[in-house]
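Report on the structure given below.
In this document, chain identifiers A, B and C correspond to the written order of the chains, with residue numbering beginning at 1 in each.
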Amino acid sequence: MREELLPPAPVLPSRRHLLSIGDLTALDVERLLDTARSFELSLEREVKKLPTLRGRTVVNVFYESSTRTSASFELAAKRLSADTLSIRAAGSSVDKGESLKDTALTLGAYEPDVIVIRHPQIGAPHLVARLTRARIVNAGDGTHQHPTQALLDLHALRGAFGRLEGLHVAIVGDVSHSRVARSLVQALALVGAHVTLVGPATLIPRGIEALGCEIAHEIEAIGAADVVYVLRLQHERMQAGASFVPSLREYTARWGITPARLRPGQRVMHPGPMNRGVEIDPRVADAPDALIEAQVRAGLVVRMAVLYDLLTTSPAGVREASAAEVA
Amino acid sequence: MREELLPPAPVLPSRRHLLSIGDLTALDVERLLDTARSFELSLEREVKKLPTLRGRTVVNVFYESSTRTSASFELAAKRLSADTLSIRAAGSSVDKGESLKDTALTLGAYEPDVIVIRHPQIGAPHLVARLTRARIVNAGDGTHQHPTQALLDLHALRGAFGRLEGLHVAIVGDVSHSRVARSLVQALALVGAHVTLVGPATLIPRGIEALGCEIAHEIEAIGAADVVYVLRLQHERMQAGASFVPSLREYTARWGITPARLRPGQRVMHPGPMNRGVEIDPRVADAPDALIEAQVRAGLVVRMAVLYDLLTTSPAGVREASAAEVA
Amino acid sequence: MREELLPPAPVLPSRRHLLSIGDLTALDVERLLDTARSFELSLEREVKKLPTLRGRTVVNVFYESSTRTSASFELAAKRLSADTLSIRAAGSSVDKGESLKDTALTLGAYEPDVIVIRHPQIGAPHLVARLTRARIVNAGDGTHQHPTQALLDLHALRGAFGRLEGLHVAIVGDVSHSRVARSLVQALALVGAHVTLVGPATLIPRGIEALGCEIAHEIEAIGAADVVYVLRLQHERMQAGASFVPSLREYTARWGITPARLRPGQRVMHPGPMNRGVEIDPRVADAPDALIEAQVRAGLVVRMAVLYDLLTTSPAGVREASAAEVA
């Protein structure tokens, strides 16, 4: 049923995991976004569920809370008819001091098809990949990577501009604490977009130019960009550490994105959850041409595409299962 | 399969949301209770699941905890073959200070068919209704409304008495802090039952007679009623505020429902969870003719009926989907 | 579909509940392990889901947290196509002081097919069995019983040794606080294995020999065993009480299982979660011939077998439903 809505069979070799944007080629990205676009069409139907991954199991393990990411992975799996099991660290054996290694072995023993993992420790998803036979999706490891966020940002951008190559994106704010920024800079470089990181020197890590971007320390630098990507000020992470920012009020005055700082036609993005009135003015967030809701909407279909891609494409490029086989 | 158990197609126009008992007509209530009765028959079968809402997604968002209500909505959706996604406020982006508005936009972007929401703020479900394309069910907003509780109470009453019109129900206790009481008074008035609110002046809000009920400040006033509906003493809410009640012991002595205070044939109800030994004597709660277990049982089928009604009836009265189409 | 992988229809009378190993006969155990073995074969297939319990509902109620047990029950139910509802005590009406009795009545009113319950109070599952019409599985009640853990241990042992009768198992450590030990001693006695409990006198309850085992208070007693079963040191339970153990360091020195304390060919088990470096040396835990991962793997298929057995076998030995009927 609804076969006509299924994306074309992938014909290119693909990885068994999605651990980092660095694992992907430009062709991989294009294939994933095309698949996401196919799923977008299926969501316009009255009944939105597809039989594609029927009988498969996706385990979501979140060691840090997130409504957006965990809900959209769970829903993505369900829309493709997969079964889901969601484990949150609070209330899990983690409380009893079990090591990540033992948790990985436990999860692996259940033979899930995919494990989606968010963990505060950099490299945790790589460890789980080594210790299990499942496909692993990194849903955020420390300040390192969050590849599906970068992919959904590309999807929202492509939807708005019709292209990615040659776009100029200014990423503003707390780059240091942001895995979103790190993944996105890599992803934009991969597709030929131009990136400027804009923020105070205390919030932009040294040497990040090596990823292929420019750096500016005045807010006026956003003027040249097609898109202003506003990062969340992670003040809950900062309170424990040194004072990266003099005060919230001063941060807002200097770096907050207001209507006055934007020029007509500039599009605004934010990965959420937003601190309205801190890094972004509510009038900017709610403007009709903001891409923020498009980003959330992209999250669902991009994650559907990632799950589909991992489960239907093998490293050797041979399709392992088709919708017809499992339906 | 099992088509014979499906309720008849609704023929009356219906609302896209269930936000308040005030939104319903007497005919709406009758249709919902008839549908619930049909589902009750289906639960007597060995396999209790119906294919009615296959492919649909119901998102449950609970900003206040509740085993009964969240479990019965989740199970109601699953019994109708819908997919469910359950989000609890603890461990969600709410912890990061995201506004209800942004949470609503996030949920809406996933295009669920129904959002069931419980929230401490009055009117929160109305806001989500305005910001999304989903059908919204109010599962409790502050001290305002809890319409499915009132409907399940009507269902349990109709099951016990065979009718609703002309019944006399005494609602006893903490009316002020109770959305249950507020919804139930409206619902009973709608179907032609007679209501007396019984309790101390500190626990009955002024002007509530306007909803169509009488007020009494002595426990003896329950004597004339067919049904004694005992409200939960919300002492966890009271501790933070003023002393509405001199002491638990004194409350129990004056307002607690004991066997001695009931006359033969009076039926007792309680929305749960009960404080046994506070507002209700355990012998009353466990008496064979108490309707308390019937209420819990009604919760499941009434919520199935509400989900079915919202998803198969449009504002213009045209059925949007039939079981046959989605099966 | 995949009918060839379904286990043979049970031909022996069986109980409607799994409350204690004491409820089972040796033949019951053999049938359950044979069923689990059948499911093990099904897990080697690309698509692991079976249609056996389609339309059935399994409710998991966990009043104590556990990644392993709750996840494996939930996944077991889903692999058999049952619907699941998972309730955790934190965030449930339990917080509002509802009694276990009322929670049981609430759950029962939803008419689930199976209730899986973990509760700190001994006998809680028996109470729920009396108050509902569901089949009950005890997933751990206080320090009393944890029958599916014992069954999965038998399954892992049978997989490794090809037999159970005549095996010699040394169970080492904190027997007093362990429902695992209590269930396992009974289960091993039932199948004709030989058990020695090894630990300090403070951690082995008096009179436990009555279950059919020997007791030793020196670690050297493990030398004669085919299998060394290492119990978790429940130090989180001990902190509140008396000092059962002089110090963690001393416990490890005297009772910790190290490579030096094992003889070649001895197999090691642990119910998890492990305190690596306390009761078990990491080199022992990670040794290729340890049975610990086999235990976790057995958890899934044994719980599938228990659910299948309870729902397809009646007390009178007549099958109530077959895969064909519900598929």
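Observations on the model:
Here, a contact is a pair of C-beta atoms (placed from the backbone, for glycine too) under 8 Å apart; a residue touches a chain by one contact, two chains touch by 3 or more.
Quick caveat, the model's predicted, so the values are computed rather than measured.
Fewest steps needed to get from subunit A to subunit C, stepping only to touching chains, is 1. Residues touching across the subunit B-subunit C interface largely differ between the two copies, under half of the numbers being common to both. Inter-chain spacing, taken between the CA centroids of subunit B and subunit C, is 39 Å.
Among the residues of subunit A, none is found touching two or more other chains.
Every residue of subunit A that touches subunit C in the complex is listed here, in rising order: 54-57, 83, 85, 87, 91-99, 102-103, 105-107, 109-112, 320-321, 326. Those residues of subunit C lying in contact with subunit A across their complex are 43, 46-49, 65-68, 71-72, 74-75, 78-79, 88, 90, 236, 272-276, 292-293, 296-297, 299-300.
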